[in-house]
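Two complexes follow with chain A in common, the first pairing it with chain B and the second with chain C.
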Partner chain A sequence: MSPVSPLLFLILVPIFSALLVMAGANPRFTAILGSALNVLFLLAVAFFYNPAQSGFQFVSSFPVVSQLGIGFTLGADGLSLVMLFLSVVVTLAAVCVARAPLENPRWFYASILLISAGVVGAFASVDVFFFYMFHELALIPTFLLIGIWGSGDRQAAAWKATVYLATGSFILLLGIIGLYLIQPEGSRSFDLRQILSSAQAGQIPDSPAVYLLLLIGFGILVSLFPFHTWAPQAYASAPAPASMLHAGVLKKFGLYGLIRLTVPILPESVQAFAPILLTLLACNILYVGYCTIAQRKLDLMLGYSSVMHMGYIFLGFVALNQVSLTGASLMLLSHGLTIALLFALCGEIRERVGTLDFSELGGIARATPKLGLAFGFAAMASVGLPGFVGFAGELLVFFGSFASGAPQMGFLNGKEVFGFNGYQIVTICAVWGIVISAIYMLRAYRRVFMGPLPDRWSRLSDLSGFPHAAIVLLIAVMLFFGFFPQILVNLVTPALLLP
Partner chain B sequence: MSTQTAPWIILFAPLVSAALILLLGKFSKTLSASLAILAALTGCVLSWWLFNQSVDAKMLSHTWLSLGPELNLTIGISLDHLSQVMLLVVTSISVLVFIYSLGYMRDEEGYSRFFAGLSLFLFSMLGIVLANNFMMLFIFWELVGVSSYILIGHYYSKDSAADAGKQAFIVNRIGDFGLMLGILLLWFGTGTVIFAELIESIPGLATAPIFLTIACILIFMGTIGKSAQMPLHVWLPNSMEGPTPVSSLLHAATMVAAGVYMLARIFPILHAVPTACEIIAWVGGITCFAAALMATQQSDIKRILAYSTISQLGYMVLGIGVAPTSDVAMFHLFTHACFKCLLFLAAGSVMIAMHHEVDMWQMGGLRKKTPVTMLCFFAGMLALAGCPSTSGYFSKDLIIEWAVVKIPFLGWLVAAAAGLTAFYIFREFLVVFFGKARSEHAEHAKEQPVTMLIPMLVLSVLALLAGFPFIQDHFFKLARPDHELVPHLLHPLLYVMFFGGAGLATMLYFKAQKDPISIPLFANRLYIDNVYFWFVRNIQGGGAAFLSWADRWVVDLLVVQVPSKLTWACGFALRFLQLGNIQAYAFFFGAGVVGILYILIFK
Partner chain C sequence: MIPPVALEICVVCLGIFLLMAESFSLKSHKVTIAHGAIFGLLCVLILSFFIEVNPTAMQDSGFYVVDGLSLFFKRFALLATILTLILAIDYLPIVQRLVPAERPEAGSGEFFILPVFTCAGLMWMASAADFIMIFCALELVTISLYIQVAYMRRSMASLEAGTKFLVLGALSTGFFVYGVTWLFGTVGETNLSLIQKNLSIVPVANHPAILFGLAMVLVAIGFKIAAAPFQFWVPDVYQGAPTPITAFLAVASKAAGFVILIRVLQPFYVLDSFQPKLISVLVILAALTLLFGNLAAIPQTNLKRLLGYSSIAHAGYLLVGLAAIGNAFAGRAVVFYLSGYFLMTFLAFLVMVPVTKATGGDDLSHFNGLARRAPGLALAMLIASASLAGVPFTVGFFGKFFIFEAAMNQGLYLLILIGVITVASGFYYYFKVIRAMYWQPVPEGAGAIAVSPLSKIAITACAVLILVLGFYPQLLIRLLP
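Up next, the complex of A and B:
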């Protein structure tokens, strides 16, 4: 038994807010207040976090099933702190831009808050079992949001996402059980600290089967090619807060899990299966990238672009060195903020003009200059412009992965040889991705905001109030960490635990 | 004020002014313009001051992103002769163009946005000039691309302007793809991205010529994009959709020259690999000649100048490839900045007088209506065409001399391009300012206010005088090829080229009412734009559409439908559970998890 972790409050605040909303408090106001409170809580936690100290801090543990070594253990290190920050900031933005539906507004806000509680719980868990459970907790309200309050073919989209994610979760669960079983008998545990110390002592065999289960399970959740087709449709149908929270935060769970679990425990398998993963992630970048170019609706395009960007983070993961993993961690944050901002703006556009079809849109920056400026910032952040944190992340991924693997250039018997290894070839594809993303992002901006403004839209209202504040907040955070990425680097590098 | 702090003030003053304009611009137009001009003026004054100071090589640098010794990315200043001269060019031209913009943009919409964009551009450009390492250069390289995108798309409600901005950004990104890979490769080989350290490691690098050649060519791709060399030149003529001060400052004098400046920065590395230099020279020479050909048949006054810019940038790139010091190319960059900026400002003045008409066949006889503009254009024209003893004559001839000595074919080719240059610019001059007025607007044209004329007059003096030997010696350390090696025929030939080109244009166009010659191949820009258009539409667009179709009907089908059919077969037996709503499934899902837990505990 240990003192109560302050992280518990981060989970409880959204749950209590949800309960208050259900009990009759003003849903919008309560949700915003609760989320803002959580941001302040997190900043306080970050203030007391000691970056010089390695390992998890603010740990509290309540044994639940001691025979299995399952305990409700909370704690945070630099990486989880960054993810928690992402979660609370995106939650705040999501409740600010949320527009209460006519039917069941209480359920709507409560669902958003429950997703938030789930993701915060997942990233604050030191226990692998609860890490998994909190993720499942967050998925259920996501399905509800898509299926009930979504648009377009929402039922089909919700079903498809459910089938995919449930399958992914199931495989992941098998992987986690596998991870439990390969630990030496007697010291088996779900506690990450225990698992890591066993791994460091060399007591855990590097099992390829467990790695594959984890990779496929997490991979489906992160929309790794070819398991990505659920994502664009689901995001397009989901209401803005749901896409923001899922694409921005919840989906990062998979990559976070891979970095957390497989890098320190199963590094040899990561390297052994690198060629396959490199091929798949190259498809994420190039194949999905070109699919993105072909999209004719803004929401689908953003959904595809989010799938494409996962390829970069996978590249940072599989290259398995300090630089690339730091880059991947930075991209977890940057992509989360960027895609949340883009979906928020997409929702604002849909709210105003009622369509997201490129062929019908045009010129609305003239009527809504603030919205146009904000989307400009978001588009530039998405294409990896310097000044935004995404650039720092991409850069580190490029540098890290280019230096990974056995070099093919150098001297052989005094003669110069020149060639690229697999990591470098995929890095080249990834760098080509900056051209692809420029093509689709600028095309979208051109189609939606530029060109002549049709008369019927000359009186559109511009951004204002809470949605405006939320959007400015997201942009400010991206710029802040873009100018000062070293803060993030200092936080995440001690947490990466390279083999 | 010390030499340590001055560069930082020069660099960040425009960023501060851009941010302030963004925040305060809606209150006052005058405030926006004053802030922008103040920042530029500060930079200009400090740059001239710095130029006359002796600077110690050790400059401060700040860590931006560091992962220990293997990767340490810094923001640092390099203040040497090269960057000092470039600072002068960029800040001085900027001040003149900013002042000109006061007059040019007086009745335009988005006045504050325009000045914010210009300030952002100046910040980014100064970052490229001052960068002491490749990563910082790349950062500002990208920012320059964005400010160019913003400024080209200034009239964003116009379809053509919106398309032009997009095209410029994407084409530049193709160049940046190569630049990024080049940087990665050099870092992989040497472990550093700092220019000084890279240059120190040349002896080691020179033992791996294949590696270094590939790295240099990849980096050169950045120049091909930014400096609009073939085959990535197509964006520059379209960028003329932006307001004319933008065309003048970004797309003639400074931004497009950044590619040449970057090559000058890494000049010792390039010259460690002869193959790379040769490729650079060929790209520059061919671009120079082909763009001059295309310029001869355009009728848009700004597009003629745009093709001329491409052609002149070709000279500079060629100069990097053939001359033994980078100052030869930098000298032409310097004189070109003066006279091409001037030509664009004069063209802008004509456009305002003509109510934004750009087709020169609608003009004519403007010499009487706008005499000062005519004189300024005339001065710029002489310099561009290489009239003996003007600035362009000195700088261009030096490059041609080196080219003839090193790669004779290219030398004679660009000597011929000099003739074409004289031809196309005299053609433009005569059609615009001579002959009879060909439209209503041309008959009622008026001269422009002094805010526009003064910068033009200052630049006219520079365009005529900036090439004189005493100025050369003050700013540059030029090297001339051995007299014995330069063919005696060359100098008379260059005179013939100037007078022949000018004379031919006068004969054909002095009183022409419409173009007496028509060469569709040149008028249609050698059909290169059409090839791109076809490629983007059919190959890229078609390919992407096919992949998108495949994603929906093949990948999705294989991954989802096949397992789902199998599942359906199993599900048939479990049909009684089908309640048809998601909540129920969520419940069963949770129940399943609990079930598995149960098995685990009590197995």
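Up next, the complex of A and C:
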């Protein structure tokens, strides 16, 4: 036993808030208070975090199944601190924009808080097993949130998402068991620190099968190209807070896991399978990108756009160098904030006008200027405009991935050659992806906010109260890190253990 | 100190005493009999912690073993019987409606007393180490269960279930005896430890005959644990039997079957020439059982039937664990899985009985809107379904994890591949229950659902244990043999 980690409180606060809500406390007030408390907790933890020290800090460990080396081990390094920050901020925003449903507001808030506890727990876990378990905590709340309070074809969406996620996570579980079994007998463990030190000592063979299991498992959770069909529908149908948490935070779990586990432990397999992954992620960017343009409803469009943007982060991951991985880590944060903001605004629009169909919308900005302005910010951030944190991330990913792989340009063996390797081709596709996202984002902005305002909407109320505060908070964080991305880079760099 | 056989003797005496009490006190309330039975079984459960460990006298005779496994399953059987009796108390009004008698009270006493005898049989089964002893214990269990399954004489479903169970049970008994005669004929012993000794000196020419006998025995045990292709009686019998008896069948009878399977396979497994064959048989059985149980459960609309298929599915996971028995942890994984299965299945049935009483049926549609009518029951059912499906932070997840860890360690990749399909379909059909409870609206004119205090305690205990063991399984692993 070691001293109790402060990170434990980060997990316990949402769980206790959920219990209080179920026991009869005022749901909205309790949820907001709990989430705000968690943000403060995290800022305090970040204040005491020592960036000069490498490895995990605030570690506490409690053996759970000692025969298999499973322990409830918490800890944080720079990367997980960034993800924890994303989790608590998005949770706060999500409970602020949540509108209590008429029926059973208790379950609604308790479900949101449980998802939040799950993501915080996942990012605070040093034990791979608990990392996995905490992610799954969101499964049932999501099923309930979409199924009870969703919109559109919610039942189909909830089933599809649940079955996909369950299958993906079982494959992931097999991958994690595989990761356990390829360790040398006697020092097998689920503790990430132990695994990493074995990997550095060269005791873990680079097993392609394990990598494939992890890639498919995480890939389904992150909606990698052929496994992405559950995501847009689920996000479109889910109530705004659920899609904010799911698309914004929960989905980052997969990429975080890939960066955490496969980069230091199975780097050769990552490189060996890079051509396949490059093809898939190019499909994510281009194919899903064009699908996004074709959408006629704002919620589905946002769902597809979030799938598309995963492609960039995958590119940063597969390029496997310092610059690209730093960019991918930055994009984890930036995309999480941006898509959460977009879904929050989407929920606000739905709340006011009752439809998200582009053909019916128009001119809303005249009645709700603040909402329009916020959406403008969010759209620009999503495209990757300088000044937002996404810009720094995308730029680093592109630089990193273009430099990756064998050079095909310049003088090779005394001969002048000019060509592109796979990484460079996909990078070019990805840059084209920015144009695609600019097209659909600007079009959505025009369709929803510009043009003549129908009379029936002339008295729409603008943003106010808690939702307003939440949206301002998200924009402020995005702008802050957009101007000072170096803070993030300094935090993340020591955590990226390159082979 | 108390000799270990005393436990079974106590249980049998308890049963006889209750029978006498029932016939001599005509006026008394039948539920007091059930309370007496529960109290008596609890006393035996406490006694089981004070018995003599390693009594050499009993071990020399060799037909009755007292080891960690048998003790664990004796307690398992006692607890299962206690929970069955709690269920039976709640279920009594339905039984009384369906049993013809001049007074409503008449004929319900045996409903509480028969499980006590079954319990004695189950406890013997846990200690049986000789084919004759196994046979006797098995028959005590099955014959008392025949009566219990067909107990509701006015319900066609119950009678049909009883007949099916009887015919197929008798068939499996035949297989068992036939297999044992072959084994006796070739090895010359019925005692398992002596069989193990003799196996190494039996000429190789006799091995096919031994394998044939063993196969017959496996068929019989396959019926008991509901492994495919011997599972076809399960859905009808589970649906038709009185709900408490369904739970009893699903948990206690299956667990006893697995104990016997472990014991019977052990002497043959040790021999190198048998081991690969046995493993491949187990792999095939596990694969078929997993696929059949899970895929056939998908379209079900009746919860009892669904749980019947789910019990086949879980038998499949347990067989995966047995196929991976070469791993040091696999044995404990199987026992852990059985204990988790005990908790979650009983929890599901404990919720089902009051709901059936209030809504008049056990279709999934009878659970519609349960979350609004009875949030506590719905939450308990949510926990049970999540655990049966294997959602993390429940005991069911750890059970699956341990089993598949062992299977991967042993390289049973076929079963793991099938596992991906079956786990996904498991999520689908268990979540159908959650959907009915949480998504669907409450039917018109639905009233509150009453739960007796005893069931409330049992429901709370099961639900809390599922969650606690889902976070800290070490509590249970420590107790495993």
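To be clear about the criterion, the second predicted complex is superposed on the first by the 495 of 499 C-alpha atoms of A that agree within 3 Å, B and C clash if a C-alpha of one lies under 4 Å from a C-alpha of the other, contacts with A are read in each partner's own complex, and residues count from 1 in each chain.
Assume contacts are C-beta pairs under 8 Å (C-beta built on N, C-alpha and C of every residue); 3 or more make two chains touch, one makes a residue touch a chain.
Bear in mind that the values here come from a model prediction, so they are computed numbers and not experimental data.
In the superposition on chain A, A:Val489 makes contact with chain B only, not with chain C.
By the touch criterion stated above, A:Gly178 is placed in contact with chain C alone, chain B being left untouched.
Judged by the touch definition given at the top, the superposed model places A:Gly147 against both chain B and chain C.
Ranked by how many residues of chain A each touches, chain B and chain C are led by B. Using the contact criterion defined above for the overlaid structures, shared-chain residue A:Gln67 touches chain B and also reaches chain C. In the overlay built on the shared chain, the residue A:Glu416 is in contact with chain B alone; chain C does not reach it.
In the overlay built on the shared chain, the residue A:Asn104 is in contact with chain C alone; chain B does not reach it. Of the two partner chains placed by the overlay, only chain B lies in contact with A:Tyr287; chain C stays clear of it. When the two complexes are overlaid on their common chain A, residue A:Met380 makes contact with chain B while staying clear of chain C. Within the superposed three-chain model, A:Phe9 lies out of touch with both chain B and chain C [touch as defined at top]. On chain A, the surface patch touched by chain B in one complex and by chain C in the other comprises residues 65, 67-68, 133, 136, 140, 143-144, 147-148, 159, 162-163, 166-167, 173, 177.
Against chain A, in their complex, chain C makes its touches with residues 329, 371-372, 382, 386, 389, 391-393, 397-398, 401, 404-405, 408-409, 416, 419-420, 423-424, 427-428, 431, 434-435, 438-439, 471-474, 477. The residues of chain A lying in touch with chain B in their complex are 65, 67-68, 133, 136, 140, 143-144, 147-148, 158-160, 162-164, 166-167, 173, 177, 226-227, 229, 287-288, 290-291, 293-295, 322-323, 326, 363, 365-366, 380, 385-387, 391-392, 395-396, 398-399, 402-403, 407, 409-411, 416, 418, 427-428, 431-432, 434-435, 438-439, 442-443, 445-446, 449-453, 485-486, 489, 493. By the touch criterion given at the top, residues 63-68, 70-71, 73, 135, 138-140, 142-143, 146, 149, 153, 156-159, 162-163, 166, 169-170, 173-174, 176-177, 180-181, 184, 187-189, 207-211, 214, 540-541, 543-545, 547-548, 551-552, 555-556, 558-560, 563-564, 582-583, 585-586, 589-590, 593, 596, 600-601 of chain B touch chain A in their complex. Within the complex, the chain A residues that touch chain C are 63-68, 72, 104, 107, 132-134, 136-137, 139-140, 143-144, 147-148, 155, 159, 162-163, 166-167, 170-171, 173-174, 177-178, 180-181.
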